[in-house]
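Look for subunit A in each of the two complexes below; its partner is subunit B in the first and subunit C in the second.
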Partner chain A sequence: MKLLVCIKQVPDMESRFKPDSRGTWYHEEDLAWRMNEYDEYAVEEAVRLREQLGEGAELTVLSIGPERVGEAIRKALAMGCDRGVHVLDADAAQRDPWQVAAMIAAHAREKGYELIFTGMQSQDRGSAQVGVTVAEELGFACATTLVGFSYADGAVTAQRELEGGTKGVARLGLPALVTCQLGLNVPRYPTLPNIMKAKKKEVQAVAAAELLEEEARAATTSFHAPAKKGGAVVLEGEVAPLVDQLLGILREKTALLR
Partner chain B sequence: METTREIYWNIGHGVVLPMYVLSMAALGVLVWGFWKRLPIYRQGKPLNRFDRYDERVRRMIGEILGQEKVARVRAGGLPHNLFFWGFLILFAGTLLVMAQADFFTPVLGLNLLSGSFYRIFSLVLDLGGALALLMLGALFFRRFVKQPAGLETANEDYVIHQLLFAILLTGFLIEGARMAATELPHNPALAVYSPIGYLFARLFTGFEEASILIAHKGLWWLHLALVLGFICAIPSSKLRHIVTTSLNAFFAPLEPKGALATINLEDESLESFGASSIRDLTWKDIFDADACTGCARCQERCPAHSTDKPLSPMKLIRQVGELAQRSPDAGLIETVGVDAIWSCTTCRACQDICPANNEHVNKILELRRNLTLMEGAFPGEEVRGAVNNVEVNGNPFGLAFAARGEWAEGLPVTLMEEGAEVDILYFVGCYASYDRRNREVARRFLRICAAAGVRVGILGKQEKCCGEPVRKLGNEYLYQMQAAENIELIKGYGVKRIVTTCPHCFNALARDYRDLGLEVPVQHYASYLQELIAAERLRLKPEPFVATYHDSCYLGRYMDLTEAPRSVIAAAGGRIQEMERSGADGFCCGAGGGRILAEEKLGGKISEKRVAMARDTGASLLISNCPFCLTMFEDGIKTGGHEGTLRVRDLAEIVAERLQG
Partner chain C sequence: MKTLLIGEYREGKLLDVTYELFGFAQQLGAAATLLLVGSRGALPECDGVCYLAEAESVGEYNPDLHKQLILDLVEKEQPDYIVFVHSSYGWDLAPRVAARLKAAQVSEVVGAGGGAFEVGCCNAKMRRRVKPGTARAVLTIQAGAFPALKSGGSPEIRPISATVESRVSFLGYQAADARGVDLGRAEVIVTAGRGVGKRENVPVIQALAKALGGELGASRPVVDAGWVEHSHQVGTTGQSVSPKLYVACGVSGAIQHLAGMKKSEFIVAINKDKDAPIGEVADVLVVADVMQFVPALTARLS
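Right after this comes the complex of A and B.
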């Protein structure tokens, strides 16, 4: 059984973000890079399934981006993926979700993957479109925001997180794609022998041009910090009216008293 | 009348052959007893502890004869040592008698044991025996009457006490019987030089000479039998420490304190890291169990043990020995327990006080290496997060690496990348870079340097965590990645001297980074400030104040820097009210060994215990010079309810307030 997990390398969210010269995305100076958090859950779940299936299975990790993305791929390999596909794309940050999904679908088509894992969304762009679009393009069954996953007898049982903390369960036949959410698992910390082994695993480099046939459908026109608003309101006066005033604000602007 | 005594008096020279044969047999039992233990030690990995032979022999002889490590704890230590020296005198005397009787007399025809020398010999041996007897009584009292907490007594303790007592007693009885029949009637002037023997001789007066002679002969054989029994019992009882503890003074590491084997990560033949069974430890680690005397000093000083956490350094040493003997393939981590393994603060109090030179800390670190590098384990989820943060942002807080130098904006400091000439590189460390409280300390340090005319450079956002906490959590890989980046950077700038305000950075850079190629001299600021003051580059206007001082483990115990910070405090006008545990005996704040990154979920809070010790001195000011200690004490003062009565401040803050001009 062939498995695919798609990951994205994103800046650490504690970084200091500045718009780039075009003002349509962030400047890459002074950023620390890491694997997208939701993709870590996807890798962990895919590796667990890979371990469950044993010898017959092969797990591929795919990422699109410039040279630095290789680090994220190595980490996924150290966590237990068998091989990597690095779609070398210096302009990956400019692609819209449709293009990214189309590139992944172009790679996955004809490869015989039966199950694809992605994160629920990326921490930087946050469109949450790539996974579902890939499923649509490939004609796969799809379930999103997984907080529970199991595979048996050719079917996936997916526990999903719904609004307000309720849960739903979906059963999917193969082929299928699932997008993973916080709470699904605790991603493993790669062991040193696996880090060493990962250095020798095959990573296939694919030029973006080989996969990219689609035009962008949604262009990002501006990237900027939110306008600074007044951070605090100072209430003054007698205690009794102050209490009413505070209660009013809490009712109106927060969920505390609902 | 000649001043000497007849050796083998009443026994006759006919005993010489059987006596030597029996003694050789006993020595054979002794050697065989240890010989058959060698395969147990050999289950461990090889380790060269036979290098620098002269140095090791000198140290061993010094430790055996001086017994200084045992003396560090007066109760128990003092009677032990006096007993030891008393027994040693008797042993030396016996050897001298042997040499006289079977070598000097028959071969050289020379009698050493005569005249004044005999008088001295006789007196010294008598007093040595008396001392040993007296101290055995004191040890008996401590062992069986008023036992200190943690001291475990086994059945063999009763046997050994009785055996030693019987050996000393029969020795004096033989002497008494001989004197009653010889010196007392024929040469009473000489009896003065055997005062204890004289007392025992009085027991025999009134008996007929024939009876005395029979008693003497019987006692002589009994004494010989007891001594032979003693020799035979050495390898199979706790008496083995006479041999093993002595040998450990030879085997003890000669590396700087705190040195930990740097794993060669380039070596592709390595498939397993750290220790999960005793076979992953070294032979010395297994031997340590035999050298352990069970004195419990380690356990008594352990900050984890004394706050009811499931760690006893003594138990750890013994568990290694038990597994090596009974089930070498059993899981070492399961036997010791992960909670015990993660509880260690690597404060080194156990190892420092151990009179047997046992190495507790590195065993724990090898277990942690296995947990971390082979299992990807952490003591808690908060630590997983912190370690990931170090990996991504070079600091455990997960704050932007690019913000690392922001604390110094507008201060007199050079960013190394800007290339100006500097006198020192200040390796700031994560806490002084990001933690609000410790940023104050960093700023004060810069102010002090400016006042002394020292040009300071920092690496700013290029600096990474030194890697010490993650290394002590077992993550050698991440440590070496951090270290390699720092070292390459520092080398590239051609730095002449590095100063740190963090003892953990100090230990990493000054000692651990040596293995990875950093050779620049590194100092902690306490000793750097002491030098500046001594050279009169830094002038203080002392104002009298009273404080207590906490020795950071990584400064005091690891680096022996106990005087420098005290002299800086004195130069600032401070009078120190010492805590009960200070200097090499200092008590940890709870943050070492990567514990700064972990929540303290088991047992009591170590920081509160230490803060209470500070409070007990009566001083209202606690001075430390480690960002981890400062963080722990700020916390311990709040949760321990000492707010308003005790304040903790860093040495740099104290000094910065007393700058001249």
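Right after this comes the complex of A and C.
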């Protein structure tokens, strides 16, 4: 059984973001990169299924982006994926979700994948479109926002997270694609031996041009900080005077402190 | 301009976010037609046409069929925009519709103007303006971003239905775990966010909650990591709260968290990142390391 997990590399969200020269996305300078958090859950769930299926199963990890993305692929390999596909695309950040999905679908078509895992969204763009669109393009059954996953007898049982803490349970026949929510599992840390092993695993490089046939359907015209509407009083400095200042404000503004 | 609004209905009830779709259409200055998979017993109080598919027969979660209902109506009504709420229902369904229509989709819209849409990105720290490049576009709007518009009228109901083959079958709902703490009654909530660093630090936050006579809250990452159990979670998928005082410790302020606590009477945020989105709803933002500041504050209170 062939499995695919799609991952994205994103900047640390605590970074300070500045617009790039086009003013349509962030400047990449001085950013620390990591695997999109939602995708860590997707990789973990895919690896668990890979382990459940044992011999005869193969798990491929795919990512689209420039050279630096190789690092995220290596991490997924160290977590237990069997092989990698790196779609080399220096302009990945300029693609719209449709193009990204179409590239993944172009790779996956006729490869015989029966189950595809993705994160439910990326932390940087957050469109929550790519996974579902891949499923539509491939004609896969699909469910989003999984907080529970199991596979048995040729079907997936998916526990979807709904608002207010309720869950919806659905069964999906194969081939299927699921998008993974935070908390689905506890992603493993790669062990040193597995990091070493991952270095020997195959990563196939594919030029973006081989997969990219579609025009963008949406264009980003601006990337900017939100207009500050919050009227928060900002307190900065040494801890001890900060405590005094805050207590003063709380005594004045709330009736909770005596 | 014409919009086709996709209403929400779950467990036999019309969801109030449906009215935010009307608020959005009004802001666009567009005509609105509603499509609802719901029931005659729980109709929205709105004017205009409501195409109604009976949830009883087509199912509340049946994405392939709901997609077909929408595609049929798009063919008939020729809307410029098909608008969903960015919710577990909307983000699941919207890309399927957009893909079939070969239409642009813009997700989690918070503002509109000039044929472009404002959306959040980078964990709500930044914004993008996105312009659809197709004549027809699919949109999902952020819950809470547009005012609810409830005209009080009664819609003209037009029944619709469809049948499709699908490999997705809905098995049922599982209710949220009702045990645990009821944050709704707390006057003070002190919430641990990812910024507390590790499980061993949670008691430090708990001690502040105790010193203030309040309850411990938690943000999603803290619950997901298993540091605090789920009944303490504040936000869209946890509890919505409005205490007299809310102290957010190391909480960055993801939109799902803000939606669950921004109605609190007084909000203090303690965060070392001055740009964290929690600052948007806070009354006071203390720029400090949580693990240095919180123990010092607790010591002064006890």
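Basically, the second predicted complex is superposed on the first by the 230 of 258 C-alpha atoms of A that agree within 3 Å, B and C clash if a C-alpha of one lies under 4 Å from a C-alpha of the other, contacts with A are read in each partner's own complex, and residues count from 1 in each chain.
Quick note on the criterion: contacts are C-beta pairs under 8 Å (C-beta built on N, C-alpha and C of every residue); 3 or more make two chains touch, one makes a residue touch a chain.
As the structure is a prediction and not an experimental result, all values here were calculated from the model.
Touch criterion met: A:Y189 reaches subunit B, while subunit C stays clear of it. When the two structures are aligned on the shared chain, A:D30 is found in touch with subunit B, with no touch to subunit C. Judged by the touch definition given at the top, the superposed model places A:Y113 against neither subunit B nor subunit C.
By the touch criterion defined above, A:Y151 lies against neither subunit B nor subunit C after alignment on the C-alpha atoms of chain A. Taking subunit A as the reference, the larger set of touched residues comes from C, when subunit B and subunit C are compared. Once the two complexes are laid over each other on the shared chain, residue contacts for A:R217 go to subunit C alone; subunit B is not touched.
In the superposition on chain A, contact of A:R16 is made with both subunit B and subunit C. Once chain A of one complex is fitted onto chain A of the other, the partner contacts of A:Y38 are absent, as it touches neither subunit B nor subunit C.
Contacts of subunit A with subunit B, set against its contacts with subunit C after fitting on chain A, overlap at residues 14, 16, 186. Put simply, subunit A touches subunit B in their complex at residues 12, 14-16, 30-34, 186, 188-193, 195-196. Every residue of subunit C that touches subunit A in the complex is listed here, in rising order: 10-11, 61, 63, 86-88, 91-92, 94-96, 98-100, 102-108, 116, 119-134, 137, 166-177, 187-188, 212-213, 220-221, 223-226, 230, 233, 236-238, 244-245, 252, 265-266, 268-269, 273-275, 279-288, 292-293, 296-297, 300-301. The touching residues of subunit A, when paired with subunit C in their complex, are 11, 13-14, 16-17, 24, 26, 96-98, 101, 120-121, 123-129, 132-133, 135-137, 141-145, 157, 159-174, 176, 182-183, 186, 215-226, 228-236, 239-240, 242-243, 246-247, 249-250, 253-257.
Residue ranges of subunit B in contact with subunit A, taken from their complex: 265, 268, 271-273, 372-378, 381, 384, 387-388, 392-394, 398-403, 461, 476-477.
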